């Protein structure tokens, strides 16, 4: 079989497939000059991943992927799995069921970057033991996790669960889900919640709680989405409750987004699989006489990092993206965002901390 | 051919095979509270390796493997080879014939970690030129080496040799070997010999010489092993003699182990190939109506880092492991160790430096 | 198809091929003792690369390669491409058409290291958008670039162009080219031009401008080469003009080389493809009754880093190499260089800064 790269198989149940992705970003940010921050042109190798996945007879499997884009190599997914009908058990570094937006591959998101709350609340893969059970239009996921491999060995641990109902009503794919997350942090831990203005090639954040002494985190997520022909809708809300040591106040921060999108090219549609958005396949790809698929998406992206005496700031983001996929495994994105900040980190002297930042980004992407 | 991953071949003598391994560890350590060291839960991505190997017509070949588990990527084996009948020449980073335990792949060891002396004496791969000659039940190995690629370019160099006799007497595989090692260190070098209490996810060492000014090292190793049906036995001793500059004393440290093991599942046996333990293949794998193989191993692990006025401490270790391999390329280990230390690094105030540490570890492993 | 490693293809225009190279260097340098520099033995893992490349239907393609030889993993080529007849568009990190010597793969150069000016003027891959157009014996290349991925996101950007005429006159392959390069550096930038004495395993440089405040660079390159049967000739000159801020002088440095080479084994020849030297294929490889190919090369390598009041020193280098390729994908080099320096960085007390350094190096190489 060919899935971007060849999947080699033999008769005994063995498979092997290389995998990878390449994403380049370029663009501009515009920030109020009086804030003292540098803006303008930026560019970045956003992701450069290589990996492998395979099946081993008896129901076993593995996946290992590495990201070389940053200064240091980073292990992303690295799992051993066992599958028996609807039940799967997974050991290793993986996403801890944070929600639709985080669990959808960065190759298939509708904006260049995920909704603000996902990075802000430090969603990342963690080493753990996870169970998934799928039957009909129900998907149950849960696990026990320590931390990202790069932070181990430490004493952090957490429990995560997510329940999804994913009925197909006529030609409409629905998605409704809720998730619950508990993380116990080792002694003397701090957490910091913050987020960039959409594009990743800038290192400036305008919304930032600073480092907060922390004992544990509880997260609650709600998700709803639908796909109907060329149209899709998606929305999530996530509450992050922080327990701090001693007499310190315990804030609850909130982030969420609502988006709608549509394909302009006939016959094209967003796709969905196992509780996340999947690869869309242009019905008329380039090379086959077609032009590929074109998609427009609109998102409202909210993040509130101000609560219980902590003033991290609030973001009201408005984002517009245009996505051209000449063929399934090649994708170009153009993205505009206006971020309205309240109580931004960087003050404008003599006036206020309430101002706007604009960002324009473009991405070229290939995967296999 | 399929060896965990596909080995692609053509008619002219070319081959190509991807390779990799994934090991996750989790467990606990228990140390005397009065020692002031942190113990309890720990977890780690122990190894995450990807690589390739291949043959080139004319007798040439190569192997390159990388480990991504640590903070920085590490090149493990990276060699060019030439083979002509029993003789092979190997250029590049490789093990310098340190002994049975070190040369046996981490995928096939009987405990989660190798015997204490291997890490303690800083066994690691080095860049060099090696020759091997195999004939009947004799194997001769030798080479000239500089240092691990990550420490180059420096002026360290060494000579290493190992001779193995590996007769098969009836159904009993025997292994007897001796090795000799000389390393000249560049000016102003120091060495440090130390070791963790079995499990790698703790960073505490209780046996440690501290940094010692050093001019050269001479190592002598003796090895004996046998496999008979479900039973195996293995034992090694290694003397590390350190020459220090000027009037400083020249200590000789010693480490060694003795282990016995047996398979509880009928028809299973440890395997041996070319002077090291090889992959065991469960006779009734999962997915084929079987349960895989189950193996019990018992080891006494000794290390003495006290000599010639240097008091690095002594370890008497008692280790028990249970290994379940549902199929050849998947392996789960459960390991208990009790380490009795004399003159341990971390003193218990008001009393002595003689105490015990307990460690429990579990590993999930997949390779291809 | 097999090109060192298997190239997997399917009927729809998909291809996939792993790629890699391994280079080990060893050798000696000899420097005047009075310069206070350390010389003698050195060794190094010079390159350890792994990567993939592939075609995607519709004219798309990708290439990603990583180098693991240094302390940190480095992304080398990482591109998305589109090809339509003679025109190709490439997005991502790639060479910015610096010249014949830099663009020729390190697997196929005639000396162990490229001519002094290439490293000296900080040639490296940069992230950008490039176009190439090839028709008959004309090749046009140009692009807009930011910086190496590891230095992003910054505000550097540049424009590069190169024109090649590559007529084949009878059995003689000719190559004539010119290139032009402009790089605008972000505020408060510095550049440093310096070079090692041929071999890379030493970290001493004897020719070095030190850090220079810089606003922009303009480079001009001229290239000429020819292959006729077993003989080849190649020569390049490169002028690097530096614009410095304010009243600082604007120097123009120059480097270049001239080399001749010949194969001693009958039927062998250097090969050329698309504006660069390509893989030579021994006509009688080892394993096929032959001995492979043997090649001798002689080079004069000049670098002048002294101009406009900056005294970085001058190098007159004389280099001799012997290359043995038992088969296309395996290569051994023996290299001698004498470097005569004027105004060298490290003074010999009481005398002058004019002296010579000798270097001997050997390389073992495999690629696929």
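As written, the chain order gives the labels A, B and C, with residue 1 at the start of each chain.
By our rule, contacts are C-beta pairs under 8 Å (C-beta built on N, C-alpha and C of every residue); 3 or more make two chains touch, one makes a residue touch a chain.
All values derive from a computational prediction rather than experimental measurement.
Note on chain A versus chain B: their Cα superposition corresponds to a rotation of 120 degrees, in steps of 5. Judged by shared residue numbers over all numbers used at their interface, chain B and chain C contact each other through mostly different positions, with under half in common.
Averaged C-alpha coordinates give centres for chain B and chain C that are 40 Å from one another. Of all residues in chain B, those that touch two or more other chains are 18, 72-73.
By the touch criterion stated above, chain A contacts chain B in their complex at residues 8, 10, 12-14, 16, 18, 50-52, 54, 56-60, 62, 64, 66, 72-73, 75, 78-80, 91-93, 127, 146, 149-150, 152-153, 155, 157. Residues of chain B that touch chain A in their complex: 2, 4-6, 18, 20, 22, 24, 26, 40-45, 48, 50, 68-69, 71-73, 201-203, 285-288, 326-327, 329-330, 364-366, 368.
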